[in-house]
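Got a structure for you, written out below as structure tokens; questions coming shortly.
We call the chains A, B, C and D, going by the order they appear; numbering starts again at 1 in every chain.
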Amino acid sequence: MIVCLTMAMTLSVSLASAAPLDAFKGKQGTVDIAGGTAHIPVMKEAAKRIMTVNPGIRISIAGGGSGVGVQQGGEGLVQIGNTGRALSSDEVAKYGLVSFAFAIDGVAVVINPANGVNALTAAQVKDIYAGKITNWKELGGEDRAISLYTRDEASGTREVFAKKLLAKGDVAPSANVVPSNGAMKTAVAQDPGAIGYVGIGHIDSTVKAPTMDGMTPSQENAANGTYTITRKLYMNTKGEPAGVVKDFIDYVFTPEGAEIIRASGYIPVAK
Amino acid sequence: MSRPATYFVRTAVWGAALIVPLALAALTGVLVTRGAGALDANLFFGGVPALQAMTGRIPVWDGIWPACAGTLSLLGLTMLLALGPGIGCGIYLATSTASRAKAVLGFAVDLLAGIPSIVMGLFGFTMLLMLRRTIAPNAGASLLLAACCLALLVLPVLVSTTRAALESLPRQLHLTGAAMGLGKWQTLRHILLPSSARGILGGILLAAGRAAEDTAVIMLTGAVANAGLPAGIFSRFEALPFTIFYRSSQYRDALELEQGFATTLVLLVLSLSLLAGASKLQRTLEQRWQGIRDDD
Amino acid sequence: MMTDTMHTEHDSGATASPDMTSGTACSAECGSLSDDSALPQSVAARLCDLNVFFGKRQVLNDISFEAHNHAVTVLIGRSGSGKSTLLRTFNRLNECFAGCRTTGHAQVLLEGTLTDIHTSFPEPAALRTRVGMVFQTPDVLPVSIRRNMTLPLQHALGLTPPVIAVRVERALRDAGLWDEVCDRLDAPAETLSGGQQQRLCLARSLAMRPAMLLLDEPTASLDNVSSRTIEALLGQLKDRYPVIMVSHSLGQALRLADRLVLMGSGRILRCWDRQNGLPDMETLELMLEETACCE
Amino acid sequence: MRFDRNRIADVTFGASALVTGLAVAAIFGFLFLFALPVFTGGQGLSILSGVWNPGRGQFGILPMLAASLCVALSALALGWPLALGLCCGIRGFLPRPIGRLLLMLLRGMTAFPTVVYGFAAIFLLVPIMREGLGRGSGLSWATAGLVLSLVILPTMALVMDAGMRQTERRLRLTGAALGFTREQTLTHLVLPACRKNLLAAAALGFGRAIGDTLIPLMLAGNAPQWPSAAWDSIRTLTAHIGLVLATDSNSAAYGSVFVAGCLLLLVNVTVQLCLRSLLRTGETA
């Protein structure tokens, strides 16, 4: 089914709007991309379309987290380093990175679908992560210990979560650390006592996102501003981009790129 | 006094003989039941026609074909780099007379054997940073770098198995060769090495197995989620173990998860067939050297 | 402890010296070494003032000795007396052991000339293709019978397949093995009986067309019948190859020896030649015991 | 000609030995070089303290060292007897066909990729452990230890078996002549004679266990706390490297990666030295 869908998409693209991809005709070059895991679906779909039109361009995509994006982009190991957070002034100064925000993603707390709790407040989440609330029954759920899941230090999702929801509050050292949005989803989907957080684009039926201070986490709400725990997704280059790297970034900002971003579950941002 | 010891060992034996196969069966059972459904052409080529995908005419983005090709080229390059120094060093340690240099080298090999693969990856990463700051400012993570680090990882396996295989040969065999008028190199080449070929090939196999399955080294030195077929030794590449690790943590829907299980099955089959192929090769080589023909 | 033993041995050697002179002179005049033409043609090998050390331990002590053509020279002595080491000096096999040091001269008759085996062969391998050796336990390689024969011919001598085929058959016939193995040359050599294996080793040496044969207790691991077969073979072979062998059995030594050499503690204690009469069994046994109580 | 070949061979083998030696030196050199700024820089020795909380500027990695040791030792405690049991089974306790099957199984297991164990265990073992232990999330010391014991088992068993096969062949008749059964020969003659081999297998297994990254990263939970119970979520040094290497290369967290690498190297050196001295005392005794 998915195959049909992707094939149909590729087909419609090549028929309807071949124009944005014209920029790559006859060009050669390599684009190495690394960093934020949330960016990967967008990067992958864009790369796939570009390389289908022009196999002379080689694009490689690696994850690793926002930290990797800064580090490898800054060191010049990759041409585009993705981050799920704005760069600090230190990072800009040290590496001379130029940022391109291309999408908005919400970050939402997720729990196991079997969990009866449907609403949480930021204060509660803060206490849960600090280890002050340790059982779901204190929140109106069943009698079950809460297992905490958080992301690794390199995660942009973690930064947004820590800044906007925890207000820089502590995370109990007993919290499990998982290395990606996907691993977070797997863990929460399996563990009935779990609480974690993912980009809204990753939410599906295997996990449940309770309302946060009354706000319903969804991409629409993130777009129209009623859900405030959001972040931007950035592509960063060392210095102003040139050549196929510039073409790639430009492509993400075309209407076709916006379509890819929307299909990946994010809200496109104009350049 | 003797009874309890025997009972203890007997308990351990039966326990082990039951637990280990059961655990393995459970693990592979999970893989097969959850992955077999996704084991089709789509898994490998992601909707691209097989022929164009295999030749690389159309890049494959949603299939594991590039990862298979990447793993095979990584394996080939690694063994190419490791075989010479590994076996050579093993021969040196087995045939040279006792000296301080030999003792130090023996210790160095033991140390190398104990270095965790992620530390080896870390070494590759630091080496890359160093290279970029000094002689090669454009160096990047690549197939070559990953293969170098993997070669270092499997080197001690080669060294110690070669050494053990040669040293376990009867001392008389050296004399036999010498008494026949064979030189040192000839004795080695025509008598000692063939006699110990079983052990050495076993070591090569073990090394290849480790190179094929290691994830920690390559995830720091050049393996990426999507790169297409390997374009050369200076480009990034996909590899099966990394793809599995990546899919296990990044899947977005049930199909991708199922494909992750199927990929695991593919890697498993690849590793096992490597094992089977090598033991066949081992038998063939041995028979050729021995010149033994089964008449019946 | 070892050096102590050496000293006592040295003394015992001195007391034994009248006996040595009373026997046939087995040591050559060392002064005439440089003068090849003056030597009788029947000398096949000669040692002069030979000392062998393993590390600090001296294993052979001032050995001077000759072996003749068309003759079997048998070395006897108790274990540890240096027989095998002496045998191995002729093909420089001692050099395969760690810490070995040799002084003195050793010559072997090659192509009609007594050749110094140390100075004329920078690589011992070349010497060993000319001096064949058979060990105590049959050291067949774990390969087929044919491959056992062809391996040294192919690699040490670099012969072509047709030549090799001829040599293999000839050598196997010489060793009396051809009829037993001609129909199963491609079977593993380990399937042969002990006696057959030892004859295969002998054939393997003969196929090299050596100038001399060294045998280190060749029948020690064989039964009586197999031993007699080998002994009979050696009787035939000695006309073509000078044979030097170590034997553990006095009976065998007396049956085979044209020249009999008694060793003890790294020295030659006595020498007999068949034409001057060999001692009888009891005398030999007594002498062997004597060397024992000196240790 | 022949002379030349010998020389070439000698030089080649010597050179490969040199390459190996240099590689080891380079690995140690590079990692120490990159770890050095952490000690000479601002934080000094705080890296070797007990709390990891980068948000508050605490970068202690000792809990990870403890976790590494705990996981590796528990994997060894489980895996070593199992390996020994399998070897004894193969060499005499079990009927021959079963023994042969087990040996084949062990050989096959060496070809089992680590990541396969990890992937299967997430979906099979983790839920079982969560319900079984009744506490924690299932991502725990116990889970990682169990899977690791399975990962290191074939290597240990094959090393043991290589030694035991030869010894057993040598001592089979001796044992039989003393009136021992095959089992008794194994327990009373072969096993004591293989002591060194068993020890070396343990050292090898420990090295593999403490060096494995994927299993702890996927299954141990990675919480940077001191291990205190089997159901605790813990973070090993190797997983720490995998998780933190991605951070900004300016931070102290990044530097801790290299210190972790060095600690792993030091553990490795210690194990090797201990093994050597143990083997040596075995020789003189």
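Simple rule for what comes next: a contact is a pair of C-beta atoms (placed from the backbone, for glycine too) under 8 Å apart; a residue touches a chain by one contact, two chains touch by 3 or more.
These numbers come from a predicted model, not from an experiment.
Trainee: Starting from the Cα centroid of chain D, hunt down the chain whose centroid lies farthest away.
Mentor: C
Trainee: Looking across all chain pairs, point out the one with the most C-beta pairs in contact.
Mentor: The largest set of C-beta contacts joins the chains B-D.
Trainee: Name the most central chain, where centre means the mean of Cα atoms.
Mentor: B
Trainee: Report the inter-chain centroid distance for chain A and chain C in whole angstrom, where each centroid is the mean of the CA atoms.
Mentor: Between these chains, centre-to-centre, one finds 83 Å.
Trainee: In whole angstrom, what separates the CA-based centres of chain A and chain D?
Mentor: 36
Trainee: Take the average of all CA coordinates in chain C, do the same for chain D, and state the distance between these two points in whole angstrom.
Mentor: Using C-alpha averages as centres, the distance is 53 Å.
Trainee: Give the residues of chain D touching no fewer than two other chains, as numbers and ranges.
Mentor: Residues 2-3, 6, 122-123, 218, 242.
Trainee: Going by the touch rule set out above, which residues of chain A reach two or more other chains?
Mentor: As it turns out, chain A has residues touching two or more other chains at 75, 178-179, 183, 186.
Trainee: Can you tell me which residues of chain C touch two or more of the remaining chains?
Mentor: 123, 125-126
Trainee: Which stretch or stretches of chain B touch chain D in the complex?
Mentor: Touch list, chain B to chain D: 2, 5-6, 9-10, 12-17, 19-21, 23-24, 26-28, 30-31, 34, 84-89, 91-93, 95-96, 104-105, 107-120, 122-123, 125-127, 130, 152, 155, 159, 164, 168, 183-186, 188, 206, 209, 212-216, 219-220, 241, 244-245, 248-249, 260-261, 264, 267-268, 271-272, 274-275.
Trainee: Taking the complex as given, what residues does chain D use to touch chain A?
Mentor: 51-56, 122-123, 126-127, 130, 135-139, 217-218, 221-225, 232-233, 235, 242-244, 246-250, 253-254
Trainee: Quick one: which bits of chain A touch chain D in the complex? Just the residue numbers, please.
Mentor: 64-65, 67-68, 70-71, 74-75, 90-91, 94, 145, 147, 149, 152-154, 162, 168, 170-171, 173-179, 183, 186-187, 190-191, 193-194
Trainee: Quick one: which bits of chain A touch chain B in the complex? Just the residue numbers, please.
Mentor: It comes out as residues 2-3, 6-7, 30, 32, 34, 37, 40-41, 44, 47-48, 51-52, 55, 58-63, 75-78, 178-183, 186, 202, 204.
Trainee: Can you check the complex and tell me which residues of chain B touch chain C?
Mentor: Listed in rising order, the residues of chain B that touch chain C are 97-98, 172-176, 178-184, 186, 189-191, 194-195, 289-293, 295.
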